[in-house]
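Have a look at the structure that comes next, please.
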């Protein structure tokens, strides 16, 4: 008889991070050049400004199997495009609250402001976010909101 | 309790962040009881920051502080030296284990000349 | 209701006869007496089918997008709730205001035939309203129903007043009411995440993607819907198990956030009876709570909450159940 | 069919130590659409670039992906290389496998796996890239300087000397700004007027400089190279072209009770006045709130006496509109209001004054003719006490959290000047720290202590009170652990400085960002310190942060250099990654214009074919590519998805998301 391994494979969440080009992407670069590590399962998508992030991008990520989505932008008031992140802040506050209303764990979504000088903060934020999402486990809810036949 | 924990406890009890102090001395510059204080208001802040709590617990200044809060009012950094004094005093009162004054004792000693502030500060001073 | 209808008909005739307007938008008789449908009347003759009764729940404002482009003025009968959608569309430059003549008409709630059918037996033959009593005659007998229980869900919590009018036809004063339209949203918010997810999964699983909600929604009036836009990255060629299909209602709710006037048409037309308005109303409640009260369509100018900001806006992480932590 | 080339860089060992670069390049060979994949030690080197160029030509590549360091580092390098090989530079994508991968991960397998995903993501994006062309916009060869203090004067002179037209807009009746009010300047103690007024005269005489005094910026449209600015010329009720500055009107004016702003209100001036003797332009102005003629209709004495007929009580504000290629903001500062600091008794005691008031009291052109007399009784003060950091470094909410930077030095200056001129005076200075970074600055301060015997007391003042007509200054002496009370004749407060409040309006007009302290934000704290994040707008002087005269002048000249560098160009290349609406889908709903910080979106009525020979006129959005900065705010607000962003299109980002998430 074949022995079944009782040891479960450790869950590694898949994280998508949208970073604005001017602050947070540069902050991530600084984290890199300062060799401040964070888990490899965080993958960064560069956008010009956090306000470029359409809620559909966030939803798409979840639907495609991301376990957590984080948006990073310049600190409010420091936006390279003057006001972009103010819109991001409202959009995402409402979107995340709405997703939670639909039963999606709030901890899977996050907005953080990271400046180009905050490499250490970028790394700390990512470590913390990965820890939080790992504790939540796999995202099953947002891949499909419907009951499939036979379920 | 380790020394470190005791220091942290007292910092927590004071409710003020002593690291915000920029050592300007405005608190001591304003203190109306300065002469009566064996440890000066600014020293309370810096000594707590450095963890010298045994020296603080042994001082007389905690009984001489008027709790007038002028130092709190004037501090440019939002530090509250009087809150540190109170934290030390509270710790001493709690170590003694009893209240120095009870609510029942107040009415007989109140007359129209007694300032409200005195009652408040006495309560702060002598009670756990 | 009959007297209001008479006045409206009379006015419609006048307007068409005098040539002041080229057409009148109202309702005409449907297949059954309880399903009047929106219609455009261009001649006095056509007005013979004109109707305004307890079942005229449809919001006519969306039709004006096309109608206001036509030659000549268009007169339209708008209920209080419809005027908000109208204003919103004017604000978004979708309706040419100068080409429209708005006649604000009285509305004392509209009835929900589904609810009436549910509460009675037999085939419904006639419905009459007397104050709070709804008298229904069916093939099986006569029933007296309590009106608030058989009105459309949007009417149950309606407190709206006319926001746009060139003239009005109002015969009765509407009593002021103290209603909390967020009650159902609050109930959901009070549930656990698991319960909420179960609720919505149950509801949205019923969706057959018929697009009725999108087609009726005055805020969903795009020249081309984002779901049909090949460049948006969300359009799918076939409604299989793909992204669009799965998250349609989430995306739609976000798209109309800050623009939705809470007209309730989505829930009214949903053949699967999904309480879609509870999605939009969540956004409305959050916007009110986080950024100050805002009623889309109250005016026909100004920015929406999602196209404005303040420097001290709440951080997303501090929002819980639509409120600050 | 796309033909993608992939180039994986080792970056020496920076990438290759943790990422198996050979393996990554090998895996990419079998990716759909990839026809070439290589790895090389230094892709950014001459040889590396050569490799890229050759591959583009040999394999007829339609797009390339470089797996290397951050695109913020070498994206421009690789774009140039691609362009040189005949590939559109915007058909290049960079996968950041150094900063975002090799440098932060230690496990080779893990890092390699991530690098593969990152390169795949870049491939997914580049497949959807479209060739883009940078547009061009013309440059108006004229600069606007907002603010006529030393910063504005210096910037204007430098720009004008390079041969470009400059307009200085100054809200006051004269240029000169704060520096004109100063008596001496540190660390050399030369007279402020002696070094400033010649520069003011230079401005007035420079054929390329136009001084628009008593004017304010009203409206700004346009963008870098092409700003259109509306300027309000406030009515001064005196014809600037006629007035000769003879001052006869000042002498004759019967209404002489106006507070003299130039002297910080320490004395009075007539209703018609020239702010100070060396004012530029040397033209009078009428204060309508004080003028008897304008208040009651009777008087008109100045008009009667004016030999050239320059007085015009009916004058109205007028407007001019001009085109500028670049704008320098130099709006300066003011001392803060001291209402929140009643412990120092500034409002109650005439002899508690601010440092700027002291400047006027010591100035030969000031209210006392340069003799130091205290305001209450015009007596010589014998004991003078200075209090530092009044409202600076204050996080309690009463003052400002920052260090005002100039106070330590000017207080040392004041102390020295007083001791020099009146050796019998005792001078005390309460300080928290003495901050003297700067050439010859600490030496200057030490002279105050060592040569001039100024009594520096480490500690802060808790209260200033009046006892029997004497000012009592009670503070701590931290070194001696004492509380001291010093009887003083004059108390001087080093009030914190803050940006001139009008900067807020200017910032809004220019869409230049501003911080919580109302200082304008520079584009990069270290590397772009004089550029505002808004292209074509530059910052000089205290509007950007506290600074002294030498620093202000340096910054102003730096601004000028940047402006000149811009104005010498005939055309500017514009960023092609801009928003673009699909007119067929646009509703014309105005949502996008509502969120555009640059006013780049306008609406036009366009005719569309409906089929069957019918047409329809619809209002649709139109983006000015020269104004759009490419943030993408509009794309998200667009309900139909008609608005998209070139270079970061919805489809591109969606494809990146998919590449990352697909398991």
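As written, the chain order gives the labels A, B, C and D, with residue 1 at the start of each chain.
The criterion applied here is as follows: contacts are C-beta pairs under 8 Å (C-beta built on N, C-alpha and C of every residue); 3 or more make two chains touch, one makes a residue touch a chain.
Remember, predicted model here, so these are calculated numbers, not experimental data.
Trainee: Counting C-beta pairs in contact, does C-D beat A-C or the other way around?
Mentor: Result: the pair with more contacts is A-C.
Trainee: Farthest chain from chain A, going by mean C-alpha coordinates, please.
Mentor: Between chain A and the rest, the longest centre separation is with B.
Trainee: Per the centroid of Cα atoms for each chain, what is the distance between chain C and chain D, given in Å?
Mentor: One centre to the other, that is 50 Å.
Trainee: Counting only Cα atoms for the centres, state how far chain A is from chain C in Å.
Mentor: 36
Trainee: From the mean C-alpha coordinate of chain B to that of chain D, what's the distance rounded to whole Å?
Mentor: From the centre of chain B to the centre of chain D is 45 Å.
Trainee: Roughly how far is chain B from chain C, going centre to centre by Cα mean, in whole Å?
Mentor: Each chain's C-alpha centroid was found; their separation is 64 Å.
Trainee: Out of chain C, which residues touch more than one other chain, so two or more?
Mentor: Where chain C meets two or more other chains at a single residue, that happens at 232-234, 306-307.
Trainee: Two-or-more-chain contact residues of chain D, please, as numbers and ranges.
Mentor: Each of 595, 637, 650, 653-654 in chain D touches at least two other chains.
Trainee: Mind listing each pair of touching chains for me?
Mentor: Those chain pairs satisfying the definition are A-C, A-D, B-D, C-D.
Trainee: Applying the document's contact rule, which stretches of chain C touch chain A when the two form their complex?
Mentor: Residue list for chain C touching chain A: 185, 188-189, 193-202, 204-205, 207, 232-234, 241, 243, 246-247, 249-251, 253-254, 257, 279, 282-283, 286-287, 290-291, 305-307, 309-311, 313-317, 319-322.
Trainee: So in the complex, which bits of chain A are touching chain D?
Mentor: Against chain D, the touching part of chain A is residues 14, 16, 21, 25-26, 28-33, 35-38, 40-41, 43-49, 51-57, 60-61, 64-66, 77-84, 87, 91, 117, 123.
Trainee: Once bound in the complex, which stretches of chain D touch chain B?
Mentor: Touching chain B: residues 343, 389, 393-399, 430, 432, 458-463, 474-478, 481, 483 of chain D.
Trainee: Show me the residue ranges of chain C that touch chain D in the complex, using the header's touch definition.
Mentor: 69, 91-94, 219, 221-226, 229, 231-234, 255-256, 259, 303-304, 306-308
Trainee: Across the complex, what residues on chain B touch chain D?
Mentor: The contact residues of chain B facing chain D are 20, 22-31, 34-35, 40, 42-43, 70, 74-78.
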